[in-house]
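Okay, got some structures for you below.
In the two assemblies presented below, chain A is common to both, partnered first by chain B and then by chain C.
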Partner chain A sequence: MASQCCPARITLDEWTRRYARLRADGLSEPGYGGPLERHVDDGDSRLLGLKFDNSPAALRLWNLLLTEEARLHEARARGATIVGVMKDLGTAAMVAWSIPNVVAFYPDGAWWTPCLTEQNSRVLAIADSLGLDESFCPVRAMVGAFVNGEHFPIPDLLVCSAGAVCDDFSAIAQRLEALGHPIVWWEMPRRRRPDPGEPAIELPGGGTAPAEQVRIVEAELRRIGRIMADAAGASLTEANLVEGIRRANRVRACLRELRDLVFLADPCPMPALEILIAEMLAIHYCSDYDESLAVIEGLLTETKRRVAAGLGVLEPGAARIFWVNPVADLRVMNIVEDIGGRICGTDYMILHAIDAIPEDVLPWQALARTALADPLVGSASDRAERICRDAVRYHAQAVVVSRIPGASHCATEGAAIRELLRDRLGIPVIEIEVPSITDAVEAGLRTRLQALVEAARRERA
Partner chain B sequence: MITCGIDAGSRAIKIVLFDAQRQAVLAAGAADQGVQQDRLARQLYERLLAEAGIAHEQVTARAATGYGRNIISFAERTITEITCHAVGVHHVWPEARTLVDIGGQDSKVVRLGADGAVEDFAMNDRCAAGTGRFLEVMAQRLELRLDELGDIAARSTQPAVISSMCVVFAETEIIGLLAAGADPADIVAGVQASIVRRVAAMAGRQVCPPVAFTGGGALVSGMDRALAAALEQPVRVVPAPRMTGALGAAILAAR
Partner chain C sequence: MFGVIQTCPCVPVEWIEAHGVQASRRIPAVTTGSSGLPEAGVCPFARAFTEHVLAAGDGIIAIFTTRCDQMRRMYDAVVSRGRSAFLLNVPATWQTATAEQMFAAELERLGRHLQTVGSHALDRERLLAACDRAAVQGLSCADDASGRVRLAVTGGPLPTESGFEDLVNATGARLVLDCTECSTRMRRGEIDRDRLMEAPAHELARAYLAMPVIHQRPNHRFFAWLERELTEARVQGLIVRRYVWCDVWHAEVRRIADEAGVPVLDLQVNGDDDAAEPRTATRIGGFVEMLQRAASSPKWSSTCECG
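Moving on, here comes the complex of A and B:
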């Protein structure tokens, strides 16, 4: 059967031919399914330069990702309340999704749009014209998308964390509000280590925070929960929230199992690009919880099949690279694999959206603990500690810290991560900067990544 | 077994023919880089073979490195210049634990293991301010040859402060200094200090002595002194520093 063919990374053209064969074989798809090339016709021309996994499970993943805007417009048409949650990446969205008839999404994820559409959608050009030039991180694309209205519908309510957030993001969000989009701000304190003798609370992922900070965040989440429920004309009960957490944990557990399987198996059973997209589903379900869960379960089933059969998308023994921060240009994930590397662990700034939300404590406190586990609200050295632990767990031979142009956290965290990993593990660590479109710098990026693969291989030998 | 290493750099193509049994360089040469990189490299290769009296079939393996490595059609392998410089330096100076390579359009700092393996590296990725291109631009503006820079810099009594992070802006800064009557010797010394400062910043804690200096930048007189001052430790320019990448490629071609 075409759906059971050998795993491979294939181009969009190859997917077109494969799709025809799969359909002829009776491939069944959800309503948003269809051939990938139609998204190029919609303007996602960047897809032409990518290599994709050839499984029907990956096809479903890509189709879910690339139809999100349409889903949001459908939600608006059916009368759902649309909440735009910003910055916290994973927690406020869980609150929103727990309220009946509310759909939540992260407008700051609009930077995924230019990475897939080159400059066609003009969201970056609009941001430029509003004074948010390339000295700001690619999240500035969000402002362009609000202004031209060509992507997602304008949310009924905007909620954004403030305090322990990147300077550049804060400036972008404030600019958005100044353009006439009111924002409900909620306070996220900078996570600190508890003082000696100070009551401390464990966080998902292994850290701790002072109990006082957990109480502050809990109160803030309760406040925005009430505001979201009022906006939707609904109530948010603890039972709703418990159910929302349970559902979130189903997605997260599935993702953790998928990550462990993919990161530890050799040969690598699923490409880095698909795992990156799958991880992103955890923060807001790509505007459809049931389909997100089904897509991740589909990837997990396919991965298990491949692992059981000893099949992979890459040659066995590829250099094992741990990757820090998501890339603005998805092609870079292909390049790593083209030159003999594989991703064996990640910190895409959303680990707190993949860790299990505690279910043995009251739900508001559980969410507060989760929000405080965000790698970006604590110190760079805390983040480096977790990366170090995960790099050991996944047997990383090298680490790439991928800088996001203009992102203020990237100015300082690279050195902290690099030095800790060098001292503790003695493995090579490089920092690279990945712009929204890498075409002009691809040769240099390839050289750095290839040299890292060569260094990792030599170390292993 | 004779092998060939081709370093297709941004400013020049360098080729080394290497006897793997005797671990000796049989021939080495360089040519200016141009548009038709593969043709220029092949011409240089043919010339070196002829001059050394080596037949084509005697060369059993060829590896290409440098920015143009993927264009060299007669090489069977490509290897990055980072790995090749490491192997090349280890061949000529096995005790070296750090290498600094200042090339035409990039600079790199590589930490070496006892066996010459790359343990870690850093490379400039934002601008040309820490590279040989900066020296070229400045020499052109001051109407000097690159080989004159060291002697002129040695006459400096008060090196100029070049603060721009970008070569284009730095050139404007140099124009301003000239207009203000600054001594060219101070400008040259200031530019050299600016380049090595950036390299030292990139190196961070990677510098383990002894330090080898390679690449075309090492041929510019005065740069070794400036680099040693910035790193606060002695620096040794390896023999034929411009050929180090090609030498490493030739050695690796044999493995």
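Moving on, here comes the complex of A and C:
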């Protein structure tokens, strides 16, 4: 059957031909399904330069991702309250999704628009015109998207975390407010280690925080929960929240199982690009909870099949690379695999959206613990410790710290992560910077990654 | 007895003094040099303060704050090098009871920390006296009736050794208003003395949260303050002096230019040493000449000078 051919990474052209065969074989798709090339016609021209997994599960994943804007517009048309949650990447969206008739999404995701449209969307040019030039993180594209209104519908309510957040995002969000988009700000304190004798609470992912900080975050989440519910003309009961947490945990558990299976199997059963996008589904369900769960379950089923059959998309023994920070240009995930590497572990800044939310404590406290577990809210050394644990767990042979151009946290945390990993693990660690479009620097990136792969292979030998 | 050094005006020195510790605000000059700290992407002022801390002798506790990601992460760099430091979580929000509670709890935590290294417990009378006496550093900025172009400056910390005021004077202009992080803008609100005695941490937190600070969310109070003060001081041109890689100020330049009501010079600086001076002087000189021409032209119009 065409649906179960050998796993491979294929181009968009190849997907066009494959799609025709799948349809002829009776492929069943959800309403947002269809051939991938139609998204190029919609402006996502970067797809022409990418390689994709060839499974129907991956097709569904890409179609879900690339139809999100349409889905948001449909939600607006049917009268749902649209909440734009910003920066915290996981928890505030989960609260919003627990409220009846609310659709929540992270406008931060617009940071990939310049990549996908290869800058044809002009969102960065708009940001430039507002004084937010390329010295800022590519998330400045979000402001462009709000100004031209050509992407997502303008949310009915905007909620944004402040405090222990990167400077550029905070400043960009503040500019957005000044441009006429009111924002409800909520405080995210910089997570610290408890002082000796201070009551401490365990967080998902293995860290701890002072009980006092958990109380602060709980109070803030309750406040924004009330505001979001009021905006929706609905109520947010504790029962809603408990159910919301249960649903979130279902997605998270499925995603964790997928990641573990992919990262530990050899040959690599599912490409890095699809796993990156799958991880991102956890933060706001790509504006459709049921479909996100179905997509992740589909990827998991396909991955299990491949692992059981000893099949993979890459050669066995590809150099095992742990990747830190999401890439502004999706193509880099292909490049890693092109030069003999494979991603064996990740910290895409959203681990707190993948770890299980505790269900044995009261829901608001559970969410506060989850929010405080954000790897960027604490120290670089805390983040490095977790990366170290995961790198060991997934048998990483090398680590890449991918700098996001202009991101304030990237200026210093890379050095901290590098030092700790080299000391503890003795494996090669490099920092690279990945802009939104890497075409002009691809040769240099390939060289550096190739050198890392070779160093990893030497260590292994 | 140890001492405390800090650079952020949001650190209540009164609180530190009320624990019997001398607090010293340092605004080191920013020089380009090598210290082993990262440079690319790092605010030069954050790096300079950190270098200053690392060079300080034993018996000094450095207080960093969370007002910007750069400083927050410089605290990590200091601690990783085994130096004694404290990170004061200054809220970005200010409109909620939670913000005041959080800041008050942080002050109490700071007090406990000071006691673990040898200070005494909070002395309320000493706190009151310190509040009465607290002064804010800043540029001299006397009024000027000479007819020279009247300038204001805003932006990040302005070291006194930077020679900035002299540079401005040399162009024939005069600084009549300091709106930087070192100015009277960074003065806490009035203290309610009764509440201070009753709930000292909370009252001090409330007063400090009243500052119109650019990092706050939302930060419209800064803009309201700026507009009022620029008008009152009859400022003709505003210099936004910001450090390279300081996103907090960089992102606001355009808005400042839109709302200030006077021409604005966006002055990005990397340091205060001799290498930087000619460029800074040229930029300011050009701005002043433009203002002088515009002031003498019958078709005067307010423009934004950015870049």
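The rule is short, and it goes like this: the second predicted complex is superposed on the first by the 461 of 461 C-alpha atoms of A that agree within 3 Å, B and C clash if a C-alpha of one lies under 4 Å from a C-alpha of the other, contacts with A are read in each partner's own complex, and residues count from 1 in each chain.
Operating definition for what follows: contacts are C-beta pairs under 8 Å (C-beta built on N, C-alpha and C of every residue); 3 or more make two chains touch, one makes a residue touch a chain.
Remember, it's a predicted structure, so these values are computed and weren't measured experimentally.
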| query | In the superposed arrangement, which partner chain does A:I183 touch: chain B (first), chain C (second), both, or neither? | reply | second
| First, second, both or neither for A:A443, with chain B first and chain C second | first
| query | Does the superposition put A:V429 against chain B (first), chain C (second), both, or neither? | reply | first
| query | Should A:A415 be classified as contacting the first partner (chain B), the second (chain C), both, or neither? | reply | both
| request: Specify the partner with more touching residues on chain A, choosing between chain B and chain C. | output: C
| task | Kindly classify A:A455 by the partners it touches after superposition: chain B alone (first), chain C alone (second), both, or neither? | result | first
| message | Quick check for you: in the superposed arrangement, does A:S381 touch first (chain B), second (chain C), both or neither? | response | second
| Touching A:Y394, do we find chain B (first), chain C (second), both, or neither? | neither
| note | Shared chain A footprint, chain B vs chain C, residue numbers 415
| Which residues of chain A touch chain C in their complex? | 130-132, 135-136, 160, 162-168, 170-175, 177-178, 183, 185-187, 189-190, 192, 195, 212, 216, 219-220, 223, 379-381, 403, 406, 408-416
| Which residues of chain A touch chain B in the complex? | 415, 419, 422, 426, 428-433, 441, 443-444, 447-448, 450-451, 454-455, 458-459
| Which of the residues in chain B end up touching chain A in this complex? | 67, 79-83, 106, 117-123, 125-126, 204-205
| said: Going by the contact rule set out above, which residues of chain C touch chain A in the complex? | reply: 38, 40-42, 66, 68-70, 72-74, 76-77, 79-80, 87, 89, 91-93, 96, 98-99, 101-102, 105, 109, 112-113, 215, 217-220, 245-248, 250-255, 306
